[in-house]
């Protein structure tokens, strides 16, 4: 019997980390053939060129697609999506996959969904059923309505996808594959590399051995004019800390210029002594860094997801992760420097939380591959009510 | 106070009929300015060039967008949608509307939705919440998840949109604007024009004064290879009738070539004596033709919607209208010539049904305009559960 | 040494005939690998689906690209070209050819040129340096200015490309590969198939054994409103002949609807007794049909090119082939039915012309392959004056 | 008589400076209506957002078009062009201009040319007939072959366009409109603003009153991997000077990341004491800065063009301006720090050159407007030989 061809489209650095264990499991599954498409900001230096990491990890791209229109504003986000639909349609047409996998809820993921669904290729959606604010919220649920098979990350998400009118047999909680990576590294007792030595970055050379914070804050699409203001609140807050801080550059999104601009200006003017900036890091090393940190600050989904399993305290700022299922390790604060500062300071003196399995037990990749290999693949459905 | 700019995108001939009364009401509303975009097959001669009708009706296009890629297959449908996203984004960016209206569930309507939603323009979806088969089903509900305000056509549809997680205050049953046109002509006692004289078309010159059938059958996207077979069953069935038949050419969709081909071949080979073919007709005249017909045959939504109000019997073939709310006037049959023949014959001898208001009372256009003028317009939402 | 990868883009049925012998020679050359891209109207049923012929001839497509926007007007021609640039860029990026071949002067060929030239892939232009009217004239010379290596079809064309500022060493007269096919069949003494039996088509079943005419007339882009009028002149003229006529449907171009419409209307109304219509024919069979015909009528380049070698009389109508190098076999007439009629009638009573080698000696395919295998490939140049 | 609608497409900051006086003259001409389209990098902050300057200068955009695909490599340059063709076609289709003006030779200008020429809109090309290296060379002459009217900047350019087969009556030497701006400011005796105070920028606060150099060096497309190396040679050279240096950031082009990267790294590591960096400047102020400088260093066309009229010495590095007509003020050097250093140092001690009018007398804008108002506009041509 010929192997099922599974086409996975990775359009950004964070999506890669989130799907990596599934990619490995698909690649190694005897009944599956992986067709990996690398597209969007995953190809761009400005956003950490995930393609490099992906290929270093031993994956080979079946196709690459440049599709990000410059401007980082709502208009270019929409056009980027249109370009993605055109290009990915062509890619699928020529690759002829048996199923296409679209990941989560970034704005351009709907391009993958349309290109597959309209060509009658069974569409598998990973990480549907969650809730956030902004355009992601619309995109995620639209992806659900275009998809035929839903591999979700939590029981709560499963319930929600079923409520959206999907056939319960087509909605399976595999847990989140990002937890698989966490599981891999979560027994390591010490940070086994020197982040500054290994990854360079810019800013002061910090002594992080006695505890450090990690910051990752993305712009929130529908408020992109405020991105600069928001990032400055966080910068001011963590700059007052007595502890060293590792700060990660945001990924592409409308408004990242506001955010990036804020960071650059702050660096030039304030020359913060306790902050070191990184553009990107190998996903596993990033998890190691998180695991051994005192606190993660910002609005990254890693705080909600990976840190729940690790039990690392999280100071979650603003509305970006609103209503995402979260563990006890998360403290929510608004974009106010004082509140941020207090919350971060507290976490330095608090104990670690026990890990939680609300996002899975760390075996999602294998479960996903097995389902893709064995479940019936169809491309036609009607709403259940 | 400046008028609210309402941008309505019409991408096909049938969508125009379905929205016409609302366009008129928007255009005439003192607080609204209509920005009409004519796109897709609405510009193409092969699909009846709706743009001509639209302009003859006194509407002026703010922009026109060619976007239909040739091929009439699933691949070109997807690419057409991508092109639509790119182009409509640009059109909205330059027109700066206060709200964008997307209509129903044709595959390319999601282009309108993405172009508006991603640019943070409040998106109004007309005719969400219904149920059918094929790709339309996915597109319609995805449109719902991208839209901010839902103007639905029936109570059943309203319930379904709310179940999909939308805020009940944002889901309003206006009835279907297509019924407004029906109401306009439904008191006319006789057909006040000669269809063949007025519209030409090809085929025999029929004596229709003593009763006639109307046929309109579209290809069903996900089975486009069977389109030819399906259309031949219907052709064989109506060719056996003793009554004259007016047959309407299908609109653009994947597979229309199978359908068109079937029709052309049948005409050349069988030279049917009782069938006359039309490419298109003024929407009001089409409704008049329906009202005075003995039966509508095929799978057009006009059978479900307009004919419910008119009480005209409908022989609905195949799965295209599966699960759409329908009146007692509809009889469902499979793609089998005998079943079709019997059902059509019966209807010639049966009485008319009483009209039903399941799709509205014929004042939808005014209700839509009023809501667009007065309701709060927003572009941010989260699922209700 | 790895084989040189030569990517040839075929975008239309006539381009395929024109390049076929070169494709074969490239495929069989020990130092070359053929990457065949089938795009544009070559994929569409309405234009004779050249892809079917191509695959039946044993070629395998490395990629297929739907890119023709519907509308058949100047606006959609331009957009089609833009889509082509986007898509072909992606195809070349993923195929990584050592050289790309663009053919002649159809409007969409500049998409191939830009996609290659901008990506620093050496661009080879086949059949530059000729002269015609209409948009082709602009496109052809623009292709020349984007290309790095020019394989032209005549000495006159070679002189012209050099005058355009190209390095004489990069301009080589290989002759036209379309002549290679002609050479293959030109010793056959009789037409070895029955065209109507083998290809069907529509119209009367003609007795062609005692001589027949062939008609092929394309719309002229910049006058597309007049296309209908022009075609009717030709139809009226050949309908008056006492001889049977084989008429070929035009290929895609702005205005083909005017032309197609004219043909369809004429058929329905006049029901011409001596004309049989074909949509397409295997290229070799088409040449056989030409070789044994009394005259070719219309504005096809086959009249200028293939018929010069065959010595078949040509009645060339209108400006489409203006200023193309031609043999003594060509008689030019305007779009006037009387002039067309007289010229065609004369040719039935005249002798065949001796063949001419102005477009090559029938070995162009091999010459092209050899040059592609051995010449230096570069992608940088400056004008010679 | 209705005014002629002249659509000018500005796709980049430098193109704006080059066309500004013509825009003004068109806008003020009684027989002309200006339709200004702002597109490409002219809309992007990263490239100095020319749209801001343009609107501050009192021009209103008839349409804006985001079209730059991220990646700054040959692949995204090509795709950007394809997007441009699609979008600009739509823009012209809706604006219905009587003529379209495309400027010079940036890679995306061919998008303007195709969108106009294919839609049978008379195409006017400004600044054809010049010679350089790289992809610009191909694009410029391809633009010439697509254009109907050629308004060139020098007699040499006029001769070359005629040699390319254009009708001499359609090739008019207006001089370069960029010289018009130079003329405006060239009688000012002192620099009337403080560049650092007015424009900020980054780097040391320099005392420039006793003489300074200006640097502007763009990446050369076809060698984009070497861009970083090239820029470092220049940085090292000017860093050794005893004089202050104003350095301008390069515009968008494949490889600008190599260049930008080189500049950023050099700044971080070497912290050059005598260099101040600007991202952009009002075009008139930039000319003022040039006029009062000791020397312009780099490969900007301003060195060839504007500085010839000003008589300011230019150290022109590398091949980018190869074969452009130049005055005696230009000294050419390779990408070698020693040669650059020597040449720049020399110029500080040399006298100013007398100005030259090889690129016009400073009245090009008015001449262009008058020609656009009065010349016959056509869209059909054939090569002259």
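For reference, chains read A, B, C and D in written order, and residue numbers begin at 1 within each chain.
Definition applied: a residue touches a chain if its C-beta (ideal position, glycine included) is under 8 Å from a C-beta of that chain, and two chains touch if they have at least 3 such contacts.
Source: prediction; values computed, not measured.
Looking at A-D alongside B-D, one finds more C-beta pairs in contact between the chains of A-D.
Chain centres computed from CA atoms place A at the largest separation from chain C. One inter-chain figure worth recording: chain B and chain D are separated by 51 Å, centre to centre, where each centre is the mean of the chain's CA atoms. The geometric centre of chain A is 41 Å away from that of chain D, both derived from CA atoms. In chain A, 66, 75, 79, 83, 86-87, 90, 93 are the positions where the chain touches two or more neighbouring chains simultaneously.
Of all residues in chain B, those touching chain C in their complex are 41, 43-46, 66-71, 75-76, 79, 83, 202, 257, 268. Taken in their complex, chain A has these residues touching chain C: 63-66, 83, 86-87, 90-91, 93-94.
Of all residues in chain A, only 74-75, 77-79, 81-87, 89-90, 93, 107, 110-111, 114-115, 117-120, 131-135, 137-139, 141-142, 144-146, 160, 163-165, 222, 322-323, 379-383, 385 touch chain B in the complex they form.
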